[in-house]
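In the two complexes that follow, subunit A is the common piece, with subunit B as its partner first and subunit C second.
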Partner chain A sequence: MSSLILTIRESLRYRGRSGHVSWMAHRVSGIAILTFLVIHVWDTANAHFWPQAYAWSVAFFKYPLVAVGELVIMAAVLYHAFNGIRITILDFKPEWWMHQQRSATIVWAIFLVLFIPIAIYMFSGIVGHCSELAAHGSTCWQIPPFSDFAKYAN
Partner chain B sequence: MAAATSSQKITVRKFQVHSNFERFAYLFMRMSGVGLLILAVGHMLIQHVLNSSANLTIEFVAAQWNSWGWKVYDILLLWLAIPHGINGLRNILEDYIHNPTTVKLINRLLALFVVATVIWATIGMALFDASKFQ
Partner chain C sequence: MKVDLRVRRFNPEKDQKPWWGEYTLEKVRATDTVLDLLHRIKWEQDGTLTLRRSCAHGVCGSDALRINGANMLACKTLVTRLTKDNNYARIQVEPILGMQIIKDLVVDMEPFFDHYRSVMPYFVNDNPLPANGRERLQSQEDRARFDDTTKCILCAACTSSCPSFWANEKYIGPAAIVQAHRFIFDTRDEAFEERLEVVGDTFGVWRCRTNFNCSNACPREIEVTRAIAEVKMALTTGKI
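Moving on to the complex of A and B:
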């Protein structure tokens, strides 16, 4: 435990360069995806085992804060995927390690080129959903009641 | 054991990892990573960009899981992503926890969690009856 606190403190203080940043980003994105994935998998299994809970949860996932969380997971998956491929290539081709700094920059560039338009698109989807509800006198800031999905009870 | 070769300024050391499981886990992280590049990134782009999550309902899921192609896609994704993610978590935990008894206990719990999650979710997807939601 003390070594974890030490790592977090020193990771933030350490003036490492691209390799250090990539290592932290890979680790943090991996944990973020895993946290979401475990919830997502058990939730999705409910589509069969407990449909009412599943139907409620997909409605709840449109709540703006959850939808923004989805955007964060999108960023994490894209970065982690491209950086993971970079790690794999360099592991099998250690001779190419002299390019490690440039490869880290290329991964960030590919990530940004893909993620920025996707983020704008997804964010406007959230705004669109909220303004559509607002036009009908409703709000996206309300958590849907579980009883709204009673017809799915098995 | 270690043979060193030098190419320009890079020193390459090759060595054999002793435990077969650790060697397998190392290779699995990289091989599943390649699979996940297609399956996980594909899943994110298909579900959240091509289909907007704003109109996601259980009926929409049922329309997709009406075909075995999508069921198999999602089951494969599950089989790669859960072991990859939990093994990654194990790697991280082992960096910070050094008590061998605690490490052993955590490893057993994580292994149990992988098996339980994969079996439960595979059954859920395989048995999901799309006709109930149409």
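Moving on to the complex of A and C:
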């Protein structure tokens, strides 16, 4: 009966309350963090084995859409951390279960308060990078050719 | 009041996959239950609609269904709870999730009861009775520790609302853990070690992700997630 597709589909269809929404956000942010970790390990390994390929990676990470992806990772890390603390507290303090709805709201509030200024700072960095390149007659909307990476990696 | 009902239908002898049956009911009272509406469909429009119910008063736990997306008992859910409009309601009814559909709204509960049986849901104490031959006494405080979990009616609304159970039916589920809690925290019972072994297994309490769907779904308002967390703490600290 059970399957991954059924679980994902029904998790979206089930009309749970704040705990269910928090659980889904926790899962999605967890997958985002895991994806980032895999890329990060691969990328850092490049720095050691193929430094020029690493330079290609750094240029690639400055491509605006990838940079926005970094913003998403930041959001995922922040939410996952605070919601993780909330779940741990509720697991260790079962008698506080009645505060779970309020605690889920508090986690979202802490997340937004921290994330909004960080997002503005990171986004202004992306805009600054693009403006600098534009001032020199170049563009940030150009992905460094993958053939460069393949060349250096070999 | 007029009610449009969408009911998930499936006859394994005829249908390749489940489909939605659409029914309209007139002259519905706001105080009618969803079970009343399903009865009206079966008795007035389509006698082939299959559902399970017995007492119709929230005690037997036969008619747990997924109503408007969330698990509830059909006999305890009033139409007025599902709409803000005094003249119209749109209600969607599906079988509970994670168990094989036998027909329409009836699912195979046997795997659920297997999990229930696995936690030894009965009193174990082989010591002789007190000298007066009467019951084993217990303080009010000791009785209060498991009072909440004595209320379970085994409707499976909690277990079938749990994403961990949807993902893996081997997970014993909230209902079985609630039953284990009822006896683990009973000072008169002597099989708590065996029960802790069952609920501490790979498919036991550690599959719980604390998302509170079970507490919200329970028609008896049992603090299910709290009970699960108390069992987790008993396993972690070794203290009952």
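By definition in this document, the second predicted complex is superposed on the first by the 142 of 154 C-alpha atoms of A that agree within 3 Å, B and C clash if a C-alpha of one lies under 4 Å from a C-alpha of the other, contacts with A are read in each partner's own complex, and residues count from 1 in each chain.
The working rule: contacts are C-beta pairs under 8 Å (C-beta built on N, C-alpha and C of every residue); 3 or more make two chains touch, one makes a residue touch a chain.
Just so we're clear, the structure is a prediction, and the values are computed from it rather than from any experiment.
By the touch criterion stated above, A:E95 is placed in contact with subunit B and with subunit C alike.
Partner contacting the larger number of subunit A residues, of subunit B and subunit C: B. Look at A:R17: by the touch rule set out above, it reaches subunit C but stays clear of subunit B. When the two structures are aligned on the shared chain, A:A47 is found in touch with subunit B, with no touch to subunit C.
By the touch criterion defined above, A:I33 reaches subunit B but does not reach subunit C. In the superposition on chain A, the residues of subunit A contacting both subunit B and subunit C are 1, 4, 7, 87, 91-92, 94-95, 97.
Only residues 7-10, 12, 30, 33-34, 36-37, 40-41, 44, 48-49, 52-54, 56-58, 61, 65, 78, 81-82, 85-86, 88-89, 92, 95-98, 117, 120-121, 123-125, 127-129, 132-133 of subunit B touch subunit A when the two sit together in their complex. Within the complex formed with subunit C, the subunit A residues making contact are 1-2, 4, 6-7, 10-11, 13-20, 22-23, 87, 90-95, 97, 100. Contact residues of subunit C toward subunit A in the complex are 66, 68-70, 97-100, 161, 163, 165-169, 209-213, 215-216, 223, 225-227, 229-230, 232-233.
Those residues of subunit A lying in contact with subunit B across their complex are 1, 3-4, 7, 27, 30-31, 33-34, 37-38, 41-42, 44-49, 51, 54-55, 58-59, 61-62, 67, 70, 73-74, 77-78, 81, 84-85, 87-88, 91-92, 94-95, 97-98, 118, 121-122, 125-126, 128-129, 152.
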